[in-house]
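Dropping the structure in here first, questions after.
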Amino acid sequence: MISETTPPDFLQKFIETRAYSVTLCEPLNAEDYIPQPRDFASPPKWHLAHTTWFFEEMILSKYVADYIVFHPKFSFLFNSYYQTIGDRAVRAERGAITRPNVDEVYAYRDYVNEHMCRLLTAKPSQAVLALVELGIHHEQQHQELLLTDLKHTFSLNPIFPVYRTDFNLVDTVNQTDGWLRIEEGLYEIGYEGDGFCFDNELGKHTVFLPSFEISKSLVTNGAFIEFMEDGGYETFSYWLDKGWTWVREQQISRPLYWYKIEGKWYHYTLAGLVPVKMDAILSHISFYEAHAFATWKGMRLPTEFEWEAAASKMNWGQRWEWTYSAYLPYPGFKIDDGAVGEYNGKFMLDQLVLRGSSVATPAGHERITYRNFFPANTRWQFNGIRLVK
Amino acid sequence: MISETTPPDFLQKFIETRAYSVTLCEPLNAEDYIPQPRDFASPPKWHLAHTTWFFEEMILSKYVADYIVFHPKFSFLFNSYYQTIGDRAVRAERGAITRPNVDEVYAYRDYVNEHMCRLLTAKPSQAVLALVELGIHHEQQHQELLLTDLKHTFSLNPIFPVYRTDFNLVDTVNQTDGWLRIEEGLYEIGYEGDGFCFDNELGKHTVFLPSFEISKSLVTNGAFIEFMEDGGYETFSYWLDKGWTWVREQQISRPLYWYKIEGKWYHYTLAGLVPVKMDAILSHISFYEAHAFATWKGMRLPTEFEWEAAASKMNWGQRWEWTYSAYLPYPGFKIDDGAVGEYNGKFMLDQLVLRGSSVATPAGHERITYRNFFPANTRWQFNGIRLVK
Amino acid sequence: MISETTPPDFLQKFIETRAYSVTLCEPLNAEDYIPQPRDFASPPKWHLAHTTWFFEEMILSKYVADYIVFHPKFSFLFNSYYQTIGDRAVRAERGAITRPNVDEVYAYRDYVNEHMCRLLTAKPSQAVLALVELGIHHEQQHQELLLTDLKHTFSLNPIFPVYRTDFNLVDTVNQTDGWLRIEEGLYEIGYEGDGFCFDNELGKHTVFLPSFEISKSLVTNGAFIEFMEDGGYETFSYWLDKGWTWVREQQISRPLYWYKIEGKWYHYTLAGLVPVKMDAILSHISFYEAHAFATWKGMRLPTEFEWEAAASKMNWGQRWEWTYSAYLPYPGFKIDDGAVGEYNGKFMLDQLVLRGSSVATPAGHERITYRNFFPANTRWQFNGIRLVK
Amino acid sequence: MISETTPPDFLQKFIETRAYSVTLCEPLNAEDYIPQPRDFASPPKWHLAHTTWFFEEMILSKYVADYIVFHPKFSFLFNSYYQTIGDRAVRAERGAITRPNVDEVYAYRDYVNEHMCRLLTAKPSQAVLALVELGIHHEQQHQELLLTDLKHTFSLNPIFPVYRTDFNLVDTVNQTDGWLRIEEGLYEIGYEGDGFCFDNELGKHTVFLPSFEISKSLVTNGAFIEFMEDGGYETFSYWLDKGWTWVREQQISRPLYWYKIEGKWYHYTLAGLVPVKMDAILSHISFYEAHAFATWKGMRLPTEFEWEAAASKMNWGQRWEWTYSAYLPYPGFKIDDGAVGEYNGKFMLDQLVLRGSSVATPAGHERITYRNFFPANTRWQFNGIRLVK
């Protein structure tokens, strides 16, 4: 899981990654750092502190002899799931934590950054470097969540706040049409190499795939509006059983963040409310909707293995692409001992794999073998649809 | 409902009341203004804005000819229940409203204050003065809620934030022992006079009461600990049916904000975590607990009529005192037409009356005929117990 | 609470009451005795067994020296709330208890009846007679519940089963129009005398009432349809806050058991589906609907004291009449020690008093001082509306 | 999906299968046919009627020219999920359907049986025979559910009813120890042949498997008690995240139907309460428990492909064996048009595959390629654990 990048690069990469989190927060007021309106979305302040806590708890406290923690309670306040490390603040109550305030969290970041830079300058061990690299990728994950969570919080405000007027993220077009044929055969799946990967991408293994054709482009807003106008949300036969229940109980009739105003479709974006472009790539739909759309089309979603087998021959990276593969361990998958081991394996049930990356993913974080995962009803990520026939 | 206080006093009272809301917020960071961790508790920023909205919506917009609202969306963001005035922001989502930010809300207050002062200086009509007086009392209600809501938010933070070190509010002692006997007879209940009262205190009416004895003092922490140590929370027979369900389902075993640390009781207060004083007055208990305690004692809670008949002869004002009276209309009660009419009558079901006032009630807001009301499970107010035998 | 009826009458009354329960079940198949589709509605078999259990547990086991219980587990299976008597079968699971089967429950009834008759023939003590009388009235209460619960179970069956074709219970008309004026003054409330009453009707006490006018008749189906057609269910201002939430969340738009078929209103009755008669008395509405209807009319519901003060001068008995009085203890009310003491007092919170009696109430069970009580959303009883102005 | 069995065999198989459902109900009273205490468990009467409805609706009504349905409402009362066929009775309300009664349902069965026998004697088309075969297997599925549902209903009765004293089903021992090694390679998965299979077993396809060792025996009660006594239910690290939430929220600490009485373990069986035999095969555990047990052992559960690759070389059939494979479509899976098409595909989300068959599975219903499926918290089936290392 450790890449062979040399130490100087680690220092540089660490500094850049840490700085990018701060850059993302530049448009925010102190007030914007606080809310957690849904359990699944954490406050910006928490993302800033939690990613910092990772470096302090997993590296500085363990590998720097005389390290003094910034604040004895922060470990409790800003860990996440890692139940092997003492009690944790209740996940659903993160929005009540106004203190430490934003300035104190930035001071916490500075303090940990300084100690980390000192450590990285001093030729740390391979074990430390492996954790640093994990910490960097961990922070990149939270950079994407920071944006999607903020978008969700802002979306609940009836005045539709603007994060950055030049940052709507959803109007990407630029797609290649057509279908890509992949032949039947044995394919190698999973990560192997000297770069970084998460534990759930290991170990590389062989799968046998029948032939299939996969679309070179993702489904557009216009295509999804056709589905809607054809009664897609009201037609039982397109939906999985749980999807149909979801549609009716939650009264779903459009993608998340969409509004129909005087007969025209708009979506709320980080740049405010903007018209829906027909040829832009659809976003913010659940697996249920992705599956129903594919059924309506007489097609289907790819499996994660099909996606990986085809990925090198097609463009991807605008949306997290729903696959019809459950998030399960690869052969030989083993949960690490200790807190880091809780990273991924615990969640391998009742979630679906999404492949690719999205417009909100930090540059350099994407990987062909990357396995993102969410429950089927997830919509607040930049999720999209790629079809297979 | 309109008092005969003359206009100059109104101006003075308006200015003082508005200033006191700001004073209460002095110890807060911008971050503290935001959270709404429970539906029942609103953010400080919302309290500041909502009380301002009342003056703008009910008075300035209606009675000042050329008045221009501060912001066209604020009416939507900061109204409360008043469904007769357009849509309202969902009550449970107040914690997601980071914008307008705190500074903008203070600007809103200044703008409305200025226009109100101009209006009050210009000999307004009796109708306006009646609304101003209502607005002042409305703001006082929210001043108390601001403190109790803030305490609740802070209590969810594992580091137990301090609002003001000199403001714990719960260590009041100073009580007179003994029992007060009230004789059988006819008593006049409800408000009559030239001061202010809420609609639910009207009209004055006669009730017949049998004789009873009422305690001159409120139940202390020490007395409640006796109940706890005698198995009070585990003994079915002391509890109403709904109370017993509540105790078991919520796993209640102590007053809200209490913690047992190394064998000693502490409570979280606005001054942080402090030891429980045995002779101080108990606070933060539900009606269920109040009723169970009284049953355990072989006594009972007063009715609101008994309380009012005895009030002039005893000390009160440290805690809201639970009565065993449902919150129902007095004879002849009539809901006003229009938005102000929604003030109280809508809530006259499945709530209990609390009488008196609390250490968090702004000076001058208390009244012998005052009827506060909450559901039986309410604990985040400064509620206490007075016994009758 | 013990009436002075002499023992022979008790024997006669006991036999008649026990026989009437059996009569009520004559139209039932074995299958009909089983379901409990909602927590609030118990199966017929449970009613038959529970009322029998009362006589066995409270009288035979305590007062008959060598009495052997019919089955050692029945005490556990067929008690109700009485938590002072060991564990009880979970209330919501009564519908899973297929064994003992119906025949065994009838054998249980016969066995207990025989022992009770023997006891009643042998000059029992006053203490026993008081319990017998309580048991008789207890069984009468369950006779009414048996009918209302059965109606509810049958109503969930899409083929609308018929209990008895001559037993629709809701088409009663026969009302006197006009208003009855009651003058201001002191009135005596509560039971006093040598007959039977429940503990919640004691003790007799004085109340002062302002003058009022009360309708001589109950609201008809036709009048309620006017309310519906005038948008009653869609108009916020008619409803209490909790009522409005209830209407929207439960999507309520008509009385329980009503169906609109090809433009005409029908209701499901124990005689099957029948057309709604315009001049028949409305039934199966919640307190919320009763209150909203009265508000729409510009009138109000009576208090329970007003009802009792007027009752001797008006006809009542077709419907349980909602009052706007919370179910609370009368002055001096004291919960009995022991299991019988759990009868009523435990439930004195968040319920409303209904006065009168209904078409389903066994003859002789009604009483001017009788206090029935249910939560505000209760609709499966034969509830109706009487207005006051 | 149609087997090549000749018509006479179909008639024989039809008669036998239909008779076996009746045999299973012989120990029941009329009352036992009614309850549905949980949404997932249907009443015996419903199973009898629903399996009959399948033959009437899918075959007789479509393929017999002058066929008159037994009762026009039964199609509505006794269909299940098949939403393409009109409205259906709400699944959760099956326990309220006392009428038609048990005798009428048996008359329904006789009527349909007679018409089916007539049809089968008259050289029906291949299309009809395919549906008959499907109907037979459908009824066998419901025979197993009838037993597991009945066990669940009976288990809620505090007197632990006995279905048949010779039918406890859980004390099977007779296992072979040791491990079976399966080599890396390509394996054929899925059904191919001239017998019957369900749509979810098609089409046959190739998978590549790494080598593994699979246990020849299932986990015993004794082994599971070791897990329990080693703190298995209290140790976070053994559990998937959702499993840990389930254990704590549902307060799970033992297999379903287990009771500890005076220090010894008992389980409730269809023969009543019996002691747990240490060397008998464990049953009634969820996927969560199966996974936690395997983790505690340092092993894992098989995938469904591993299971199928090994099945011909090992004994199976006592328990449904949890696999760590999500229930997803095989390559080329296609949902049929029409009502039969809703059979399986709708449910391919958030469920796990179980392989093998159980002691409650009717003889002849099991198949190496059979894919049973349930959500991870399912315990009322006869589920067991087979380990892989």
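The chains carry the letters A, B, C and D, assigned in the order they are written, with residues numbered from 1 in each.
The rule we apply is simple: a contact is a pair of C-beta atoms (placed from the backbone, for glycine too) under 8 Å apart; a residue touches a chain by one contact, two chains touch by 3 or more.
Bear in mind that the values here come from a model prediction, so they are computed numbers and not experimental data.
Contacts with chain A and chain C are shared by B, D.
When the interfaces C-D and B-C are ranked by how many C-beta pairs touch across them, C-D comes first. Each chain gets a centre from the mean of its Cα atoms; for chain B and chain D, those two points are 57 Å apart. Chain C and chain D, compared by their mean Cα positions, are separated by 44 Å.
For the pair chain B and chain C, the distance between C-alpha centroids works out to 37 Å. Screening every pair of chains for touch gives A-B, A-D, B-C, C-D. Within the complex, the chain D residues that touch chain A are 81, 83-84, 186, 205-208, 210, 236-237, 239-243, 287, 324-326, 328-329, 331-332, 346-350, 376. Residues of chain B that touch chain A in their complex: 29-35, 37, 45, 73, 76-77, 89, 93, 95-102, 153-154, 156-159, 161.
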